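Mind having a look at this structure? Questions to follow.
Should a chain be cited, it is by its letter among A, B, C, D and E, assigned in written order, with residues numbered from 1 in that chain.
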Amino acid sequence: MMELSLQHVIEELTLLRFETALIVGSLVLLTAGMLSKDEVTYKVLFSITLLISLFLADVRDIGTSTSGAISIDSLSGILKILFAFISLWIVFFHSTFRRYEHYFLLLSIVLGSSLMLSANHLLLFYIAIELTSLSSYLITGFSFSRKGYEAAIKYLLFGGVSSAIMIYGISILYGLSGSMLISDMVINVQAGPFYHVGMICLLGGLFFKVGLVPYHFWVPSTYQEAPTDAVAILSIVPKIAGFALLHRVLISFELLSDPIYRQVIAVLGIATVLMGTFGALRQDNIKRMIAYGAIAHSGLVLPTLLIQGEQGGLAFVWYVTIYAIMTMAIFMIASMYEDFGIKDVKDMKGIGIQFPVMGALTLLILVAQIGLPPTAGFTAKFYLFSSIWNEYQASGATIILIYLIVGLLSVVLALFYYLKIPFHSFLGTAESPYFGNFSIISRSVVTIFTIMVLWIFLSPEFLNKIAFNINFIGW
Amino acid sequence: MMEAISPTYFVFLSLFIFCAGIAIIIIKRSAIFVLIGIELMLNAANLNLVYFSQYDPGMNGLMTSVFVVVLAAAEVAIALAILLNIFKHYKITDPDELTSLKN
Amino acid sequence: MTDSLLTLIIFFPLLVTVVILFLPKDKDLLIKEIALGATAVQLILSVILFFSYDAALQPESWSNAFQFVERAKWISLYLGDYGWLQIDYFVGIDGISLLMICLSTFLLLVGVVASWNLNKNVKGYFILYLILSTSVVGCFAALDFFLFYVFFEFMLLPMFFLIGIWGGPRRGYASIKFFIYTLVGSLFILAVMIGLYLSVEDSSLTGQGQEVVHSFSLVNMMDGGYITDGILTPGTSIEFWGMNIRWVAFLLLMVGFAIKLPAVPVHTWLPDAHVEAPTAISVLLAGLLLKIGGYGFFRIAYGIFPDAAVNLTYPIAIFGMISIVYGGLTAMAQNDLKRMIAYSSVSHMGFILLGLASFNVQGAGGALFQMVSHGFISGALFILAGVIYDRTGDRGIANFSGLAKAMPVFTGFVVIFFFASLGLPGLSGFVGEFLVFLGALGSDYLPKWIGIVSISGIVISAAYYLWALQRMFFGKFWTREKVWEQTMYDLTGRELLLLIPLAILVVLLGVAPNIILGPVNNSIEFFVNQCFAQSQLYIAQ
Amino acid sequence: MTLIKTIWPLIFILPLFSGIIGGLNSKQSLKLSNFGIGAGLLFSIILVWLLDEPLILEWKWLEGVSFGFSIDRLNAMLVLLVYLITLLVQVFSITYMEHDPDQGRYTAKLGFFAFSMVGLLMSNQLVTLFLFWELVGMSSYLLIGFWYQEAARSKAARQAFMINRVADAFLLLGVIQVFNNGYATSFTEILSSGNQWDGFTGLCFIIGAFGKSAQFPFYGWLTKAMAGPTPVSALIHAATMVTAGVYLLVRISPVLIEWNLQVIAIGGAVTAFMAAVAALTQFDIKKVLAYSTISQLGYMILGIGVGAYQASVFHLWTHAFFKAGLFLAAGSVIHYMHELDSSKDAQDMRNMGGLQKILPVTFYAFLICGLALSGLPFLSGFLSKEGILTGSWLWGQSTGNYLVPVLAFCTAGLTAFYIGRQILLVFFGSSSFTQKIIEPMLTIRVPLIFLAVSSLWFWNSLNPINPLGWFWNSYLFADLGATSAQHSILGVLIGSIGLSLAGLGVAYWLYRPEAELTQNFKNSKEPAQLVGKISFHGWYIEKFYDQIVLLFSKIVAGAGWFDKKVIDRFVDGMGVTGVVMAKVIGWFDQNIVDGLVNFMASISQLIGRFVTSFQSPKIQIQIGWLLLTLLVLLLWFQFLT
Amino acid sequence: MIASILTYIFTAITIAPIVYILITKNVIRAVFSLAFSFLGLSGLYVLMNAEFMAVVQLLIYAGGIIVLMVFGLMLTKTTLNKGFITQHRSLFFGSLVSFLLFISLAALATRSGFKVGFTEHAGDPVAQIGQLFLTDFIIAFEVVAFLLLVALVGASYLAKKSGE
């Protein structure tokens, strides 16, 4: 019995190579934090852990552990690589002094999200989500400002309520099906009304993580107040993991075949897109505006889950990768402008004229966020809209068509609020010239990102090749 | 021994605790009350889990409820740490007055 | 040399932009000369293109209707069970795009000379200018819908900044309005593009692994390479609010390009954009960007959906007529010279709609000629308006009178171009209008009264032009501000250098229009007959 | 034959060439361009002499549309006429314009006019005709507005061009109808094929011609055209340009159907009569002559209508000479009055009188041409008018519609009356002028003398009575043969002579120097009673145009209250044609269409505010919303499943 | 029989303090009444022969979390608003939502069948739990350990930061 379990433990650990590397790395970082004080070592250690885990994550290894708690498919493999790749760039953020706890928490967020990808047992679900949420609450508080604490407490209370609802949902489902493993819960559960209650409460937890409409209230204030590099990770890694987990739940419980669930999700998605776009129209604070933009983006990713077959999976991976790159770039730019003390759009007057290169880079990234041709943003949205159009053609459901129209409308409205920044920076006239300059490192990193964004538009084959060798299990 | 009391009894009980928790969160003004509410909701879930784990050979429910308790503790710890900081800056603990983050 | 001529014309300015990028900011004159050289080379290349274009080609289907064709694989994505998505760099020209390219390269050169005494941030200005020129020429030569759309969008940003940064007092509002109007239009086109690529397959490429290859090539779409049950395949029964989906797609394209044209209900961005844009940019805006809308009708709306076009000729003609009459009337009410000219452009663009709606060779030929002649005339008119603005900083018609006394040569040119624009025979304005009227009244799709009411357009245009001429140029010499009287010197050498070639062109095209319509005639005839044949084919399906 | 082929293009280009030469060096511009025009005259004489069958020159202008010129006897003669009158006018204007600063511009414009007029006469294809038709309209616009300093003159020029433009729109419509209905598109084909045009196309051409020849609805512009220098009026608005309409109708008369010809006849007659009435009470010397030109043009058009187009052409020929003579004489009078004291209005007859002795040559020329106009025998006017009156009489008999001949005869009488009145008022009676000016021999006297002589009868035909005796008749209409040879009817002959004598008599009786009418003519105001008012304001044609524009703007403006508040105030304030309706459209365009877009922008802001209002900072309300949605979802599921 | 009576007693012990919390405005009293309801709950767990859980409940919930809350309250006691008295807010809206939720969920619960098959538990449950911890739930165990570490580090850093 013992060696059996030992052997099965080793097998599970081998499956979670990526996570173990992260845990070991963060522990090393923790100890190093005690010993030395300068930030460079933290950054070096942080990037080493991520690099190691990047190597360990492999797209091809697909499998579920004997106890069934962990099941990894190629999608989670891809997303793990994406998480590691994206979080690597955090070290280049030019910001105030960050102690080791900051990097430790960032690593824990990445760990929590990657666990969410591979969880197949409802308990592991809950623990992974709790881990990510707790570390997010803490890191929001790390801005050590009055508003930072306020945002943190609100985020915590809101998150606490939704995770409580989720665990209650899990308990109901457990009551109905008698087991916690998703694979065999499906078999022996009778789809009574109470089952739907449990399912909705469970989905509630996921919607919170992804930031869909009823659960989106925390997004604007958290993104505004949390330290910018933390927000960069917060807005990408847990959100994408949440989507992957949501998809796993929808697929394994065969909810997508049930028309009511499709309608509920579509309605929530449309509401999110509208909320995000219309909300952003009135914002002055840059980060808060980007937060609303992020809400709109998550509203736009949702329909890919509804699309059956390979097309949906492809569109999901496409949109998510490009969204990650764009959001990382825009937050890096926001943090660079923050060094100039620029928080609101209004006080960006005339900076574009004084620093034309930076102005041009900001413009390109914003154009990508809107989704205009020369950038990858357009390819992502184009791909998304054509797959939605396909889905509409196949299923003929009017809700999908409304989704398409709302999507197109969001592009137009996105123009209104995203264009405020270049409008003020180029067309405004600065009262007093801005002293100082952007740091070389961050400028070169932003250029790298812009080149990436443009290159994906010009030759998208390589991304398609990667997206394609994920064989989607019944996406 | 337990057949005398049907499962719906316990489900009703956990449901009552859950809804009471929700009511507390919405009605009361202080952040601590919200924490209390969350604890109650978690306990309702625990009650369900423990009750149903009787009939589950693998005792998953029991294990989960242990973990839930541990996590609840962690969460309260963090909540209080943040509340301390807020208290130092704002001198209030009532979330209604925390309105500096306008929409 | 001639096989890569088109790509050279399109991307030469882009090469020069790279060179300018590395020049120091303050070398204004050098930048201007380089820009002048670039546009001059582009013009020479397009002249070579014009003469080496063989006019005798009698194409039978769209696939061999294009010359100087260059096709290179750009993107090919594997879409799983939807087969392959094929986007390629596919450029080529036929008569219609040949004229448009020559017009645009000429006006681009005029634009550079017109913006010679610009001093604010010259490097940025000319970089945006050359990007704009690449995208405009690219738009005319693109035969791949995706490439066309990319160039179509590529124009917006440089134009937005050119108006936004170097424009007049209310430039912010005008540039935003221009950008949003055109972008909303381009979204409609995007929607149709998606619908089309989903229902089109390029049989020539399906060889590799027998999945369906969805392609974006316009030639394929025009020749009807549709898959059996695509959304926009002709003969689809899918209805959308009671209308056949192909008609809806055609209407979306109509709205998209009508915003760009501009046609009446959606034209209010044009006067603001023109009033605020600097002179050279106004020339480009009127000369080229409006023609993209017209060219879009020719190549995409009428090319791909001829069956919808045949059935909807009546509403299109009505919109054209309203544009002519309404544009003219509003021009009469303006007291800013540039705004009046902008509204007159709206009225002249109405002719294009009318010409196309008549669905016959004269109508299409007239619409095309009107596009070319309006390019030259409105370009000159904006330069003239710019002349007054440079001297006094004001363009109010009521603020001046008796300018003929102070600036006789200037008045001479104004008279020539005003009469050309109101359609005096012997000048190029008349030929376009005459052919459009010929087409409109002779077409068996349109009722007679539309043509007759549009003829009233020439009376209205005569009214507002002469009224402006009389108020501003005749009578005693008087200016609102005393100080202006000193600055009202006559045309300088540079301005003459701009206006004389335009005047010669306008007279030449008026007297002998066959210079440009001759070589292009086969393409127009093929365009109309092919559209008609396709429409009968599709309706039969 | 080859000589003609070489001369022909020269005739076409010469006036433009001389205009440009004159325009460049403005000092002796007129003298230089005279050589050019003289050479042109010479060539046209040779051309008329040697031409036997028509020459055609054509080339492809557009797909299916070709550009072509042709010269046959009729337009060769007219070209000769144009050159002759242009030469005389240019000689006259040497003195008339001697102290005008920009003579160069004047010569250039005259040259441009002559070029486009010759081009119009020579054009064969309808499109070419339309092209030169508009160019002639433009050159008349430039010439009327020559003294652009005065706003009134440039406004008159604009309004003249606008009215012409309206008629040209119909002509363009007609030309397009011809193309679309597949009729013959060139005059040579029209003569040969002769397949009838449909009524509508015919009507368009008629309206076009009426516009150019200032017939009934469109004659308002000719009085405005008097704002131009007098030599210009003489050349353009008497002899050449206005006859273009007549020339066009003559060319297309074979293909017009019955009711079109009737329209022409009635139109011509009505115009003739109305213009004659209008000329009765004018004070301005040139206005009288303008109305008389309109009335004589009415005659010519009437002649075509009744089928006597040879007589019309003859009348066109004679009218050109004596009307040019009258205008030039009036020009020299105005020149003299201007020299005398430039403050008073040089054209107002009220401060003229007794110029007989002061300007003897002008007086005699004016007298002879005036009498020719009134149709006295032994003068050219009688011969041509006689032909038209006979034609109209015969036509009246054949069709039973006697309105046309009656109007024709009345006009004959009225013509004699108003020209007699003018002669008496200007030249007879007491004169307060003493200063005697010797009109310079060459530039003033020779043209006047030549024109006066050419108005005598023997210049046009040997037999002073018979209209067919016209020298050119055989040359022009030989091929038509005898069918149109009308013998003059005794009754018509006596009638016309009687009427003109009666007209002159009444004029003499009313306006003889010692009559009280002439005494207080100096300070007479506008005529009081209705008939006088109608005549003075030229049948209120201006008001008629303003009403049309007002009506049109009311239709467009639509809202009833609108016109009371906005338009009426406008009309009283501005009274300028066309502005009214434009202001309304301008306002509409600014607020409604533009407003729509701004409205949509504010809507999205509003929704934004509404949507973010949920975003209340209080955490517990947020949780409340969360739970509410949870509840809604549950209820949704409960009811649906 | 005794079991059902005991269950009723214990449910009463859990429900009464909860109702009190709903009514009271005083935070401290609410926290202590929460502790009592936890006692009731642990009693119920014993009845469901999950003794380990009962002990854990008592130990961590009643002992740890309540003490933490009390400490928190003490530290954030302000003289301003008379110690711990708080007001009610949107009483009607909150109670309506929760009551409606309770009713509808109760209705749903009655109509769906729960997995209630009686199984005999072999051996001493606590050993079995221990074994399960290290075999089936090893991953969860490790991750929760890491999570606690994270919470520890974060909370201490936050608290320390508020000190300076």
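Methods note: contacts are C-beta pairs under 8 Å (C-beta built on N, C-alpha and C of every residue); 3 or more make two chains touch, one makes a residue touch a chain.
Note that the structure is a prediction, hence the values are computed from the model and not measured.
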Labels of chains that are neighbours to chain D and to chain E: A, B
Among all chain pairs, the one with the most C-beta contacts: B-E
Chain nearest the global centroid, as defined over all protein CA atoms shown: C
Distance-maximising chain from chain D - centres being C-alpha averages: E
Approximate Å spacing (C-alpha centroids) for the pair chain B, chain D: 99
Geometric centre distance via CA averages, chain C-chain A, whole Å: 43
CA centroid of chain B to CA centroid of chain C, Å: 67
Interchain centroid distance [CA atoms averaged], chain A/chain E, Å: 32
Contacts with two or more other chains, residues of chain B listed in rising order: 7, 11, 18, 22, 25-26, 34-35, 46, 51-53, 55-56, 58, 63, 67, 71, 74-75, 78, 81-83, 85, 95-96, 98, 100-101, 103
For chain C, residues contacting two or more additional chains: none
Contacts with 2+ other chains: residues of chain D: 612, 615, 617, 619-620, 623-624, 627, 630, 634, 638
Pairs of chains, among all present, that meet the touch criterion: A-B, A-C, A-D, A-E, B-D, B-E, C-D, D-E
Of chain E, residues touching chain D in the complex: 89-90, 93-94, 97-98, 100-101, 104-105, 107-108
Of all residues in chain D, those that touch chain A in their complex: 601, 604-605, 607-609, 611-612, 614-615, 617, 619, 622-623, 625-626, 629-630, 633-634, 636-638, 640-641
Residue ranges of chain D touching chain E (in the complex, touch as defined): 620-621, 624, 627-628, 630-631, 634-635, 638
Residue ranges of chain B touching chain E (in the complex, touch as defined): 1-5, 7-9, 11-13, 15-20, 22-30, 32-33, 35-36, 39-40, 43, 46-47, 50-59, 62-63, 65-67, 69-78, 80-85, 87-88, 91-94, 96
Touch list for chain A against partner chain B, complex: 122-123, 126-127, 130, 134, 137-138, 141, 146-147, 149-154, 156-157, 160-161, 164-165, 167-168, 170-172, 174-175, 178-180, 220-221, 224-225, 279
